[in-house]
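Lettered A, B, C and D in written order, each chain numbered from 1.
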Amino acid sequence: MVNLHTPTKPIFLTPELAIGACDVLLMAGPCSVESYVQTRAIAEAVYHHGGKILRGGAFKPRTSPHSFQGLGLEGLQILRDVADEFGLLVITEALGVEHVPLVAEYADIIQIGSRNMQHYPLLWAVGETEMPVLLKRGFMSTIAEWLAAAEHIASRGNEHIILCERGIRTFETATRNTLDTNAIALVKQTTHFPVVADPSHATGRVDLVLAAARAAVAAGADGLLVELHPNPAEALSDSDQSLPLEMLPQLVGQTKMIATALGRNLS
Amino acid sequence: MVNLHTPTKPIFLTPELAIGACDVLLMAGPCSVESYVQTRAIAEAVYHHGGKILRGGAFKPRTSPHSFQGLGLEGLQILRDVADEFGLLVITEALGVEHVPLVAEYADIIQIGSRNMQHYPLLWAVGETEMPVLLKRGFMSTIAEWLAAAEHIASRGNEHIILCERGIRTFETATRNTLDTNAIALVKQTTHFPVVADPSHATGRVDLVLAAARAAVAAGADGLLVELHPNPAEALSDSDQSLPLEMLPQLVGQTKMIATALGRNLS
Amino acid sequence: MVNLHTPTKPIFLTPELAIGACDVLLMAGPCSVESYVQTRAIAEAVYHHGGKILRGGAFKPRTSPHSFQGLGLEGLQILRDVADEFGLLVITEALGVEHVPLVAEYADIIQIGSRNMQHYPLLWAVGETEMPVLLKRGFMSTIAEWLAAAEHIASRGNEHIILCERGIRTFETATRNTLDTNAIALVKQTTHFPVVADPSHATGRVDLVLAAARAAVAAGADGLLVELHPNPAEALSDSDQSLPLEMLPQLVGQTKMIATALGRNLS
Amino acid sequence: MVNLHTPTKPIFLTPELAIGACDVLLMAGPCSVESYVQTRAIAEAVYHHGGKILRGGAFKPRTSPHSFQGLGLEGLQILRDVADEFGLLVITEALGVEHVPLVAEYADIIQIGSRNMQHYPLLWAVGETEMPVLLKRGFMSTIAEWLAAAEHIASRGNEHIILCERGIRTFETATRNTLDTNAIALVKQTTHFPVVADPSHATGRVDLVLAAARAAVAAGADGLLVELHPNPAEALSDSDQSLPLEMLPQLVGQTKMIATALGRNLS
C-alpha cells in the first residue's frame, strides 16, 4: 500500500469531515465572488459533483491597483449564503490583519495568500484564532521558509494548519508557475500537516489544470483548491486558469481515479 | 477516458515494443556501469519485475574532473552483454560527437544528457543516425528551447525522438531539482513526441523518487528513467538518488497503479 | 557626461537634502537596533564620514518566530535620539499597517520590506501619509510587479517613493541574493523615482559588499542602504553581511570615487 | 586603493598586452561575421577607439536550426584578415571538438560558449592547446560549476583561462539575463584567473549595455566582451543587443572613467 497519509494528523473541519485523512477533498469555486448568481451556479455544481467546500475571494490582492479588488463584505455574505444553501463549507482569504475577525465570522477555513506568506502580523493574527488556516506557499519561498511561516502561526497556539502548494516562480514562461510535486511529497513526509495543491495557479492554463491535479494527488496531496467559473472568458480575474463548469466532471473523475489507485476517496 | 497518449506518434523500439503507445515503459539501471557483477544484478532485477529496457552510463560527464568518468568502451560491452542475457534493450548516453558511432553500435536508444541539450554538433550527429534518441531537457532550458533542440535533431532526418523531463533548477535547495509536471503535460499536448520522466535527477533523493514517478505518470509520461543500485551507499556516482534494488517492487507497483487508473499498462 | 539622473524627480528629504539629485546618499546603520550604545556608536561613525541618514530596524520580520524580533517602540526612540544628536535623518521599516502611525512619528523615511512588497493594505496605508517611502523590491518580484507596487502607493496620493533594489533570489547559492544592476539602470530610465541599492542583502557577505556598492553606483543608483555593526560577529541579526565600522571609510572612499567618475557627489 | 587585481595572475596575450593586469581590455565586434565589409568597418572603429581585440562569431550556435549558423571557415578568414590590417587580436568561439584546430589556427583566444560550459570533450580539447581560453559561465551554472569547468580545462595542462560572466537566467523577463556582478567580484577574490564581462548578453538590450559595462568594471572586471554592429537593425543575429558603432565612444568613455576611478586604464 502507498500509505501516504499515515503521519499526517487530520484536521476535523466538521465532526464528519476531516482533511489529511483518507479522503482527498475538493475545494472549488470562483477566483473572485462576482455576484450571487455566479457564485450560486458554481456552488450548485460543486455540490452536485460531491464537493464539500466552496472557495472564493472577497478581498482580492491584485498586482495592479486598477484591477477589480473584490466585493469585500458583500462577497463574504454571498459565499456564506450559497454555501449554507448547499451545505458546503467556505474557504476565503484574509488579506490583512484587519480582515481576520470578519473572515473568521463568515468562513470555515481562513486562507493566507501566497504574497502574504511572510507577512508576520497576519500569521500571528490567525494564529490567535482556533480556525483552520490554509497557508499558501509563497511563490518565491523555499520549503524551509514555508514551514517557518507555519511555525509563526503555531507559535500563537493554532495548529490547525493546512499547507497549500500553488506553484513556484521559475525561469519557465510557458506556464504561470511550476507545480512543485516534490514539495508536496516532502512536506507530507516531514510534517504532520495536511497538504493540498492549487493546480489553477500552479499552471495558469486551463489546458494543464487536470494534469496538474492528477500529478498533485499522485504525489500525495490531501486536497485540491481549484478555480471554477461559469464563463471563464468573462471572469473579472484569472480568466485564463479558471475551469469552465462543464469540465468539473472530468476534474472529479480523473482525480478520483488517481485517489482510488492510492487507496483513497475523493469528496 | 483520460486519453493522454492519443496525439503521440509511438516509436517502435522493437516490432513488439513501442514507446508513446499504451504502455508506460520503465528504463532502469545504474547511473554508472561499475562492473559486470553490479550491472548483471540490476539487469536481472529489472527483468524479473517486467522491465524491458536497461539504462546505464559508460561515459560519465561529471562536474569535477577528479570524479569517476565511467568505464567507457568496457562499460558499453557490459551493458550489451547483460542486456542480451535478459532480452533487454539498452539506453546509454553519447557524451560527444566522437562517441556516436560507438554508442550506436552497442545501444538501442542514444541518450543526450541535460548538459548537452544545446550542444548542436552532437544533436546533428545523432540526427544523422536512424536510432531512437532520448533528449533530456536542459536543467535550465525552457520548453521552447527543448523543442528547438529536438528540431535540430529532426532537421537532419531523424524523427525518432523521445523527450525526457528530468527536473529543472529552481531556487529550492531541499531537492536537487524541481520536477516540472506541467512540462510533461504540455509537450504531450503540443507535440507528437513520446515523453518520459527521470524521477531520480528530478528529486536527487531516494525518499522522493516514488512520489515523483507517480506524479510523472499521472501527468501523462510515457515512461520512466530510473537509477537503481544494489548498494547505493557505495555507488561511484549519484548515490543519494539511486533506488536500492529492494525498492524496485514498490516503484513498479505504485506506477502500475497510476498507469492502470489512466487506462494504461506498465512494462 | 553620463547624466544618469536627469529624468529622475528628486525627493527633498529636508530643504537642503534631496535624493535623486546630484548626490548619492548613504543610508547606513544596524540591521536591528540592539541598544542605545550600539546605535550611538554607529550613528557617530556615519556622521563622521559625512553620512546624512541613519538606518535601523525596530520591528524585525524574521523567518523564524524564535529569532530576535526587534526592540519595537524602544528601538524607534533610540533611533530618533541618536539621529537627533548627530543631525541625521532616520529610515526604518513599518512591518504592518498598525505600525504606520508610530513609524511616521519617529522616522523621516518609511521603509517597506522585501517580503511586504505586495502586502497591499500596508502599501495603501503608507500611500495615505505624505512621508517619503522606500519600497524594497520583492526578492522574487519582477520589475513590472515592483513598479505596480509603487503604483499601489501612488494611487493613494503619495508619490514620494524611493525604489530599492536589494538583490533577487536565483539558483546561485554562493551569495545570499543576486544584485540586479540591470534593474537599477532600467528603473532609472523608465520611471521618475529615485532608486537606491542595498548591497548588504544583495550579497549576504561582507567580502562582497564593497564591490556591490561600487557596481550599484556605477549602474546609476542614487543611494545605498548599508548594514553596519560595531561587532558583526555578535550582531543579533544579519551578522554575515554587516560591515564592521572600520570598513566604513573604504565604503565611503570607493563609492565616492565611482560617484565622482560619473559627475556626482556622495553624502 | 581598491586593488582589485592583485591576486589575479595576468595572461600575456602578446609580449606587451596582458589581461588581468592593470588594463581593462575591450573585446568588441560583431555577434556574427556577416561579410568582409561589415567586419572591417567594425574593426576599424575598434582600432580608432584604442581597442586591441576583435571579437566575432564564425560558427554560431543558434537555438533554432533554421537561423543563420555563421560563415564558418570564411568567417575565420575575414576575422584574421581585418584584425591583421589593424593590428588587433582575434577572439572567436569553437563550437565543437572538431573546430578546435581550425579556430586555434586563426584566432588568438578561443572562446567557449555558455551552452558548452559543461561540454567536457570540448573543454579537454582546448585544455590540450596552449592558447588562452575564454570560458563563458553557463547561463544556468553556479559559480562552483563554472570553476569546476575551468578545472576540466586546467586538468589537461592549459591554465591560460579567462573567465567570462555573461548574465544568468532568472525569473526576470524585462532583460534577457541578469548580470551577476557578485560573481565577478567573487571569482576575482577566490581565483587567480582574469575575469571579463559580456554586457551585451547580460542585458539583451542596447539601452542597458553601457550601465552593465560600467557596473562590471566597477565590480572588478578585467575586460569587456561587447557586441557591435554598423546597423543593428539588420544584424543577422542579436540585433536587439548589438551596440551601433556610433555608441562606441560612449562605451569607451564611460568605462574608462570607471576604470580610472579604480586606478586602472582601459585599452
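As a working rule, contacts are C-beta pairs under 8 Å (C-beta built on N, C-alpha and C of every residue); 3 or more make two chains touch, one makes a residue touch a chain.
Given the structure is predicted, the values throughout are model-derived calculations rather than measurements.
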### Message
Using the contact definition given at the top, which chains are in touch with both chain B and chain C?
### Response
A, D
### Summary
In terms of mean CA position, the chain most removed from chain A is D
### Candidate from A-B, B-C or A-D with the same interface as C-D, over half of contact pairs in common
A-B
### Query
Which pair wins on C-beta contacts, B-D or A-B?
A-B
## Note on the structure
chain A and chain D have mean C-alpha positions lying a whole-number Å distance apart equal to 49
### Task
Using mean C-alpha positions as chain centres, tell me how far chain A is from chain B in Å, no decimals.
34
### Query
In chain C, which residues are in touch with two or more of the other chains?
140, 169-171, 173
### Message
Taking the touch rule as given, give the residues of chain C at its contact with chain D in the complex, in rising order.
### Response
2, 4, 140, 142-144, 168, 170-175, 178-186, 189, 202-203, 207-208, 211-212, 214-220, 254, 257-258, 260-262
### Task
Could you pull out which chain A residues touch chain C in their complex?
61-66, 95-98, 115-116, 118-122, 139-140, 145, 148, 151-152, 155, 169
### Message
For a test of understanding, state which residues of chain B touch chain C in their complex under the given definition.
### Response
140, 169-171, 173
